[in-house]
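In order of appearance the chains are A, B and C, and numbering begins at 1 in each one.
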Amino acid sequence: MRQVTGWGAGRAVVVFGTLLALPFIFSQDWVVDIAFFGLMYAVLAVAWNLIGGYAGYIWLGFITFFGLGAYALTISFQHVVLTSVWSPFLVIIPIGLGLAALSIPVALLLLRVRGATFAVVSLAVLFLAEICASNWTTITNGAEGMGMPTPPIAASLFSRPFYLAMLCLLAVVLLFSWYVLRSRLGLMLFAIRADEERARGLGVPTTTIKVVAFAASCGFAAMAGGIWAYYVGFIFPIFAFSANTMFATVMMVYLGGRGTLWGPLVGALLVAPAQEYLAYTLGNSQLYLIAYAAVFLLVIRFLPRGIVPTVHDSWVRRRARGAVGGSERLVST
Amino acid sequence: MEARNVTKRFGGVAALDHCSVEVAPGRVTGLIGPNGSGKTTFFNVLTGYLAADGGDVFVDGAKVARPTPQRLYRLGVVRTFQYARLFPDLTLVEILALAVAKPFLSVFGLRVEGGDRERAMEVLGRLGLRALAARRAGQLSYGQQRLLEFGTTLMAQPRLVLLDEPTAGVNPVMIDILEGHIRRLRTEGVAFLLVEHQLDLVMRLCDTVVVLGRGVPIARGTPDEVSQDPMVLDAYLGG
Amino acid sequence: MHLALYGVILGLLIGGVYALMASGLALVWGVMRMINLAQAAFVILGAYLDYTAYTMLHVDPFVAIVPIAVLMFALGVGIYYLFFRPLKAERQTLSTLVSYALLLAGVGVLGAVYSTNVRFISPAYGLQSWTVIGFQLPVVEVYGFVISAALVGGLFWFLSSSRLGRAIRAATQNPTAATLLGVKTEWVGAVGFGIGTATGAAAGGLYGMIYSFNPNSSLDLVGILLSIVVVGGFGSLGGAIAAAVGLGVTSSLVFVYAPVWSGLGFYGILVAVLLFRPQGLWGVPQWRVE
């Protein structure tokens, strides 16, 4: 059923091959820049899906850890002159692990509530973090923001190393997501999503399982935040801890298909580049907020399960009609 | 297993008032009583879903401190629910594999390990659901879901099974299957605590019957003794 | 001591306005089991409408609250039928996310219409204050408190005494039974959502006279409103009101001693409540087995 089918591996090779080739085919920096944000949202969406999709916990404080990762990296490079473009990328790994560990007490606090209550309480975490970052000026320099040292790299190729780093992270998080899906952990997360009380009655250690998914998603968000901070070079609390980024991530997961392996990636790669492109051509306006909301409302209304499950099911149905015999499930739901 | 002086209040009302029940291995104990007499509450306390306000739960003579569903599950205390509560998106094999009690680190192992799959197939075979193994639980009929629900208790190598109205909404053929399994497991030393409205099944199957009335056991004994007891008749007709 | 007492009094006054906002949230939770994140956008929309009525139509901002509330009631009902009624599966979490979408859309629309400049509703009496035994009480805040208290009282009366209000309460406590008894729960949901929206907008008019605002103020308010309903306990109207006043006083006191951190007062209490009483101070636990 959910084995590594030739299809699955082939799909991964095609997707990542294309993404890897992209900056070398379209070397204009603005294209790579847009693609970078596509990958960043893909990482966020796939990571959020671990807790939001698999376990069904609408974790709206997720971007807090993106912001914390961004600040952690920026703060640790405050008085450093960069001789190589790569060294900060290595620091991102301990930052991700450390913030994943830090997320555990947060998880234990928040997971005392469930459902819609969990969603809104976790959103409060994001606002709380933004207030702290804006006001704790001795560490974050407050609303004036703080900068990363400039890496030694030619302006025309500036985006490329960041793009490749984000692509690596995407590969790791997708691999992790695939691993969770085919492990007993994933089975338990699905059981929790469907009926947490019943899962407890079958001996599922629900709290521990949820904390594992929660911490993993936070760790990946922190790493994405680190790469982002290094790339944009200067960070502000309102962008590091943004309610808009948060919503965009959730919306992409719902668009692509929550609880699926590829859905979040599909959703992110569809929406994020479009959003960045429109921002380039139209200038940054309030309009994209309205567009976000509109896309989400349309998805909920007309594609409630998201693109990937819907397309997959219609494909299976067509195949079944073509009398090809047993319809094996290639996309894991 | 034994519950001693279990008390549970909702608001000011005592749903269970110093309720003590003992369940011996290899015996089926029936728990009957009119609606609202506290049967389901008692189940929920025994399985760790509700924290009791007073009283203790003992397994093998040892007190269970802070009982939770997971902890009791590890001790071999498993239950079914009154309504079929299953995971509609998971396949039958997956649900049964989930019910296997395993060490924590196994969560990082395969979704369904080979050994668990074989056991699940065996249980499905016994329940006559083998052909549906790869189906999702949501596609089953109600009666089949109840059987699957019972099947999860077989996976856990239980020592005490609490069945909450296992026959409600199940057709007679499936009730026979269920009854056969209960009898077989009883000979293997598994204890049962059965809440059931269908009294003829209770009379047929149970070794001991405990009658609850307003949160306290008002009678206990063999099915015959209990059915003669005037207090029981009074509780059913008057309460 | 004098300063602290002054802080308490000002906190009480603003807490009354928060209570009005939060009572709408509690009502919507009651009929829909959903935290309406868009309530914060409705509040700021109310503030902008009040601002427009005052600056362009020269209506007294306190008077303008009445037609604004009526208008926003209609808007709330429309939004309910358009966005919330169609939801089927996973209603609770999905409607929360839909309200998040509406919140961001609201911020976007307000930004496009009114720009992101900071506004303030300042009628002629806006800066006056009364001196009562040595305390300077701003006229606007006193009026705001009185109006809020009257509206919250009116809401209580409506829910307990009117036929429609009782239907809403019945649907709140037991949707299934209410349906069996002939209460049209969908309709009740629409009315409840409309009233919630109207109270939010009315509170917004008052808010805009006390604080300056721009579209992004909605996001600041979200955190405050969330803390209030979580601390008060979901669906408990009295709890929300008590929590609003309590949190108003707390943050006002924090403001007296550490102005920068006044926004955090709410969150500190929120965390404490989550730790020790996750169902909220006046709430009932949400999860029971069967």
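Following the convention adopted for this analysis, a contact is a pair of C-beta atoms (placed from the backbone, for glycine too) under 8 Å apart; a residue touches a chain by one contact, two chains touch by 3 or more.
All of these numbers come straight from a predicted model, not from anything done at the bench.
Engineer: Return the chain whose centre of C-alpha atoms lies at maximal distance from the corresponding centre of chain C.
Structural biologist: Using the mean of the C-alpha atoms as each chain's centre, the farthest one from chain C is B.
Engineer: So, comparing each chain's Cα centre against the centre of all protein Cα atoms, which one is closest?
Structural biologist: Of all chains shown, the one whose C-alpha centre lies nearest the global C-alpha mean is A.
Engineer: Roughly how far is chain B from chain C, centre to centre by C-alpha average, rounded to an integer in Å?
Structural biologist: Centre separation, chain B to chain C: 46 Å.
Engineer: Report the inter-centroid distance (CA atoms only) between chain A and chain C in whole Å.
Structural biologist: Chain centres of chain A and chain C, defined by C-alpha means, are spaced 32 Å apart.
Engineer: Determine the centre-to-centre distance between chain A and chain B, using the mean Cα coordinates as centres, and give it in whole Å.
Structural biologist: Whole-Å distance between the two chain centres: 42.
Engineer: Can you list the chain B residues in contact with two or more other chains?
Structural biologist: 49, 81
Engineer: Can you list the chain C residues in contact with two or more other chains?
Structural biologist: Chain C, residues with two or more chain partners: 289.
Engineer: Residues of chain A that touch two or more other chains: which are they?
Structural biologist: Only 197 qualify.
Engineer: Show me the residue ranges of chain B that touch chain A in the complex, using the header's touch definition.
Structural biologist: 47, 49, 68-70, 73-74, 78-79, 81, 85-91, 94-95, 97-99, 101-102, 104, 106-113, 134, 152, 156
Engineer: Under the definition above, what is the set of chain A residues touching chain B in their complex?
Structural biologist: For this pair, the touching residues of chain A are 1-2, 181-188, 190-191, 194-195, 197-206, 208-209, 212, 333.
Engineer: Going by the contact rule set out above, which residues of chain A touch chain C in the complex?
Structural biologist: Contacts found on chain A: 56, 58, 60, 109-110, 112-117, 119-121, 123-124, 127-128, 131-132, 135, 197, 243-244, 247, 250-251, 254, 285-290, 292-294, 296-297, 300-301, 304.
Engineer: Which positions of chain C touch chain A when the two form their complex?
Structural biologist: Within the complex, chain C contacts chain A at residues 33-35, 37, 83, 86-89, 92-98, 100-102, 104-105, 107-112, 116, 215, 219-220, 222-223, 226-227, 229-230, 234, 260-261, 263-264, 267, 270-271, 274-275, 278, 286-287, 289.
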